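Below you'll find the structure I mean.
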């Protein structure tokens, strides 16, 4: 009834090429962004921001990066954890080695380190495909794990191998309070997600998708597979690298290589699959699912058990959490194999028909 | 019927041979294609027609022979070069980008012409700073013409994987057209269409040929179509050329009749 | 007209893809024993969808039958699996070939015999298929992916024949086949129909051929059946003649002389 | 306002480290329950909440962030992982929450003038390493006999495993033994190559710095390559029941340094727990594990925190809920004499006095070696006092380096009073 | 020299054990086109079942005989794996016919979480023991040739022999039998396979069941070597390079790949590791696999990746 595009005629291609061509969507998104920037820092508790929202934002960012590579370009990668690590350690080294290096350039440089690393480990994609590539990219993951553990130079020779940053500032403002960290992550995410969206809806994005969907045909219409694949690796690992640097700098504060273990590679891949391959929006859904759901479950389950008047042990809670989480993944996939983003758009389509079925 | 100006040879295929292990897909094939003509390739299933296009296209690398395009001779070409020279094609087994919308599929055909770099595209904005947006709009306009032309307006934003087979074929053609090719290679563009649709498709092909002067190489099994709209026909059988000439010549060629046409035509 | 010899009775089915796209809007048709029925119609009319609904292959496409019923010899079959249907003799040749790319042609054919147990029967069927399509015999050891489009089409039909069907659903069997092969395919259809009493439901774009060989025809437009009748009558229907057979006003019109392409016949406003 | 002292517990009961994390967590929780049964700390009841970390640093941080502000604020935290301790050290200082790291964590945080919020009570990894070297020397007949010997360190490749390295290097320089470092990637199920290397190098002794499944795997590989278990010495996290249980006889002769206590099912505190909790079905975890090494470690660690709170109450008001700041003061001014420890039920388990100060956040520095005889652990050496002559300077130097890096000034005596 | 041989041998033995896990991946992939991420979890589950049941069964039936306990535990665990296969088909796969590989992969991830949680709920998350009487102590052979003899592990040899036997049996199963062919057809195209009457449901139950049995054998052997505990799932990660090196669709490839990876990683760790600080074996295994892939993108014995227009 209210969600209609009736009457919204596009008179220019520009209008039709907007990110959200439907006015309702535009307002909704603008409202959401305003809400996230203004209301959330005022309303949300420190805990909510620190423990849930910041990880959510950072993982959304990383998931956007992974989606560029996996969802748009179709190169399944399990090296994301490594790209995050390279971003984090790269930024760290610039940050502590170069006197007076401000945070933002350090993050960008970290991202560029990841880009370089990503291109390097993206080279096999020119020959190897699909699951073979996925497994092969694990080489990047294990290599990075090893590199930051063994090559002391990267960790400034700290004996424990654990490194830390402190006194973060952005434009002279300290990045200490939960709200400031939250806003910083949100700003970075908003900006990069916008740029990423621009890329995927422009020529380069179409090249990626073409390579993903049918590489021979793509070559025939003049797309160079090498350029398309490596640029996807580059863009994707840049974004993932920045996310990694944020994760290390803003969230963890102090970290060791295991902070970017292979687990993260898998988790990121799962985020984009469950969120929706080839959808920027899906990255957010996926991150929410994988980051927030377990936390919610672990708080919710004891509560539910409490309602029924019995106490369940933490062991049982953690196990139940695993089972419910696994069950939900399967359930969502059965409901919509193309991920939450597709579920979302089908929902919208239904809404468009509502209240008249067909 | 207006008399077409058929020009010089644009594409010359010389002594191409292509083998896959023991299978001889093509044996010593030579033929030429002239500017502005509609050149058909026919032959029974497995004769090597699609393989021929694949060779011209740089998808397959023939073991022997060469191909010249506008005077430049190649041993093997890579697909990108072929595309840059202005040769486009459609595929027999639909090679569309299934996850992309119709518009995006057609827009990929314009990619060779896009000049903005990666950063410009990333910073594309509705204010027109940087030029990426303008460029995008210009190409979009071009593509919209093709959409109108192919009558697929209603499906603009549908992912092509969800379209019925026949429409997918049209999108495939559209994508090739979007490249503004000088030579268009069509591999069974009318398979899976009914008569009405075939008529439309023939009309499209002839229009492209007339209006833009595009040279057309056409593979098709519907003899009615081939005989009606092509200027010259090559006939392949088991990888060998068994006939070449105007539709009438071919139609009366004994070998062609026994290998392909059968008696009923 | 649900008579005793009705094999297939599709009754007012609606099909929705992805929970939102309504494609079939109440399609009814019946095929009686030993009949060759053809569904005709333009691209996107819903022919493939109808066949998928019958053979129960919709689920993989995220489609579902939301209304109506489908009966095979009086038994409701909406909830049977495709494998059950093959056991009952109903087999579909899917649009777009779908050969098993990594298997050789012969292995492809042999998979078709999965439900058959008798070795002798399988061998005989294989010979029969090779006899129908000699081209397949010469390519028997190639992987299906590396055969030509037409060869794959033959393989798909041959594979279905290996199941020894009593009802065959053919989705555009002639697509991509050379003219004599098209003719052969229809001859095979006729042959099976007459000799082995196989019932056929085919979706076809090649109206000419279809109406020549079919007993009965249905014409579909945007998810509805807009006309049906005995094939010979349809062949003489003026509209059908003009728009499907290209013989409006007597002679066949040259493709070259078609002047405009925006004049499609629509039965529904 | 209810009088409840909120104590979050970071634990791991699933994942690769669950076999060792679970009994430890059980011990902690049971001790807190016991304190409540006993009537709380001067009437202040303890409010306990667990959070699953899977021994993963990021998840630990997440738990920390989640719990630190709940229920009036966390007042002390056991991170239960050295990696997490590294990650939390600075956060805790900002949030003013003391971190208790009994027998783990950063060894240099023994220096309370710089690590104001860290409490590696009862012993650091440098203490452990030092005691092991001394025990080996005892076996060989004197520290001078170590010359020319070869000692291998098989360690969990994480901040935890790397902790003892500086001390061992120091000792190796002093006594002239050769130190071979063999890292094992977490979680440590793949050690074939490591043990092949040991078989090749044939070190005279092998130290094991593992956690979780890494320990039993190491013992199994040692058995498979025929390395004598008598020559293996584990840190106190590598010498408990889960590490040897499924190796059984194969681990016979394997030694471990203890964090004061070993397995003691007859300790008064254990009996009390059994009587007051497990007999009434209020216990945590299986009854037959109560009193085993790791369980007891949990009990002891929890007790340290409780005594810190008690000490704080002495100064800031009995029967009140203490803040993190106050608990810190309490932890810094522990004075647990043997009599006090015995009264708490730790007779034979802990050796008094355990006394901390602003400068010394450890409070004790002696340990014993126990050895697995195929079915149970038993002490095989007397108390060995770690050599503070070696450890102190190392602590000073490392802590000072940290201070300069982080631009911290050491606490003044005045600050120490607060 | 002796040491080199020992390392080589050690590598070969580990390699065989990797193969056993790799085999599980290959089976399911070959037969249904699903990359079964849950293989590691299935190994753990099976091992847990085996370990705990051999503990419990004597208590239940009151006969305290190791052999009876082990055989009964194996049988019951096998039955559990069958139930699991059946449930997976019913509740998951059946609803995901004809979906993309990524979706199916993701579904197996959900299954992984579920099995992990379920296994630990039922059987506990402690460390358990499988005692099938494998000899644990090493033997030394050829003392006359090498000083100190050549170290061999009987346990490894037995395990390797079991692994080899499994592979031979399974290769035979896949070769040319109608079911084998049907399995491959399903992997290529679910829908087409359905359309000609191959009952996907039954096929999937069979395959997952076989994979479950392979997991049980792997879990039993690994479990008896390492103890049964959560980290058993990580052996799946070690088996991945084996799978791609050998080829995702090749049963013999799993063996050859296992041997190459096993030997490669042990030799690299022992001979190269010390120069770069050690701990290189994992990434070395992956890089080794990657290098092979650059020459054969489908793995050593994998089916050629089809790429046609």
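Just a few scattered comments:
Which chain is which? They are A, B, C, D and E, in the order written, and residues in each are numbered from 1.
As a working rule, contacts are C-beta pairs under 8 Å (C-beta built on N, C-alpha and C of every residue); 3 or more make two chains touch, one makes a residue touch a chain.
All figures in this text were calculated on a predicted structure; none of them were measured in a lab.
Farthest from chain B in terms of Cα centroid separation is D.
Seen from the Cα centre of chain A, the chain whose own Cα centre is farthest off is C. Centre-to-centre separation of chain D and chain E, using mean CA positions: 37 Å. Annotation: 46 Å between the Cα-based centres of chain A and chain C. Annotation: 74 Å between the Cα-based centres of chain C and chain D.
If you average the CA atoms of chain A and of chain B, the two centres end up 40 Å from each other.
Among the residues of chain A, those touching two or more other chains are numbered 145, 149-150, 214, 216-217, 220, 315, 318-319, 322, 337.
Multi-chain contact residues of chain C (touching two or more other chains): 146.
Residue positions of chain D touching 2 or more other chains, listed in rising order: 13-14, 22, 157, 183, 185. Residue ranges on chain B touching chain C, taken from their complex, read 1, 20, 23, 43-47, 50, 92-94, 151, 162-167, 188, 191-200, 202-204, 206, 221-225, 228-229, 260-262, 264-265.
For chain B in complex with chain A, the touching residues are 57-59, 79-80, 82-84, 88-89, 91, 95-100, 104, 107-112, 114, 116, 118, 121-126, 132-133, 136-137, 140-141, 144, 175-176, 179. Chain C makes touch with chain E in their complex at residues 55, 57, 59-61, 81-83, 85-87, 91-94, 98-103, 107-108, 110-115, 143, 145-146, 156, 159-160, 162-163. For chain E in complex with chain D, the residues that touch the partner chain are 3, 6-7, 10, 14, 116, 120, 125-129, 136-138, 140, 151, 153, 155-156, 225-232, 234-235, 238, 265-266, 269-270, 273-274, 277-279, 281-282. Residue ranges on chain A touching chain C, taken from their complex, read 337, 346, 349-350, 353, 358.
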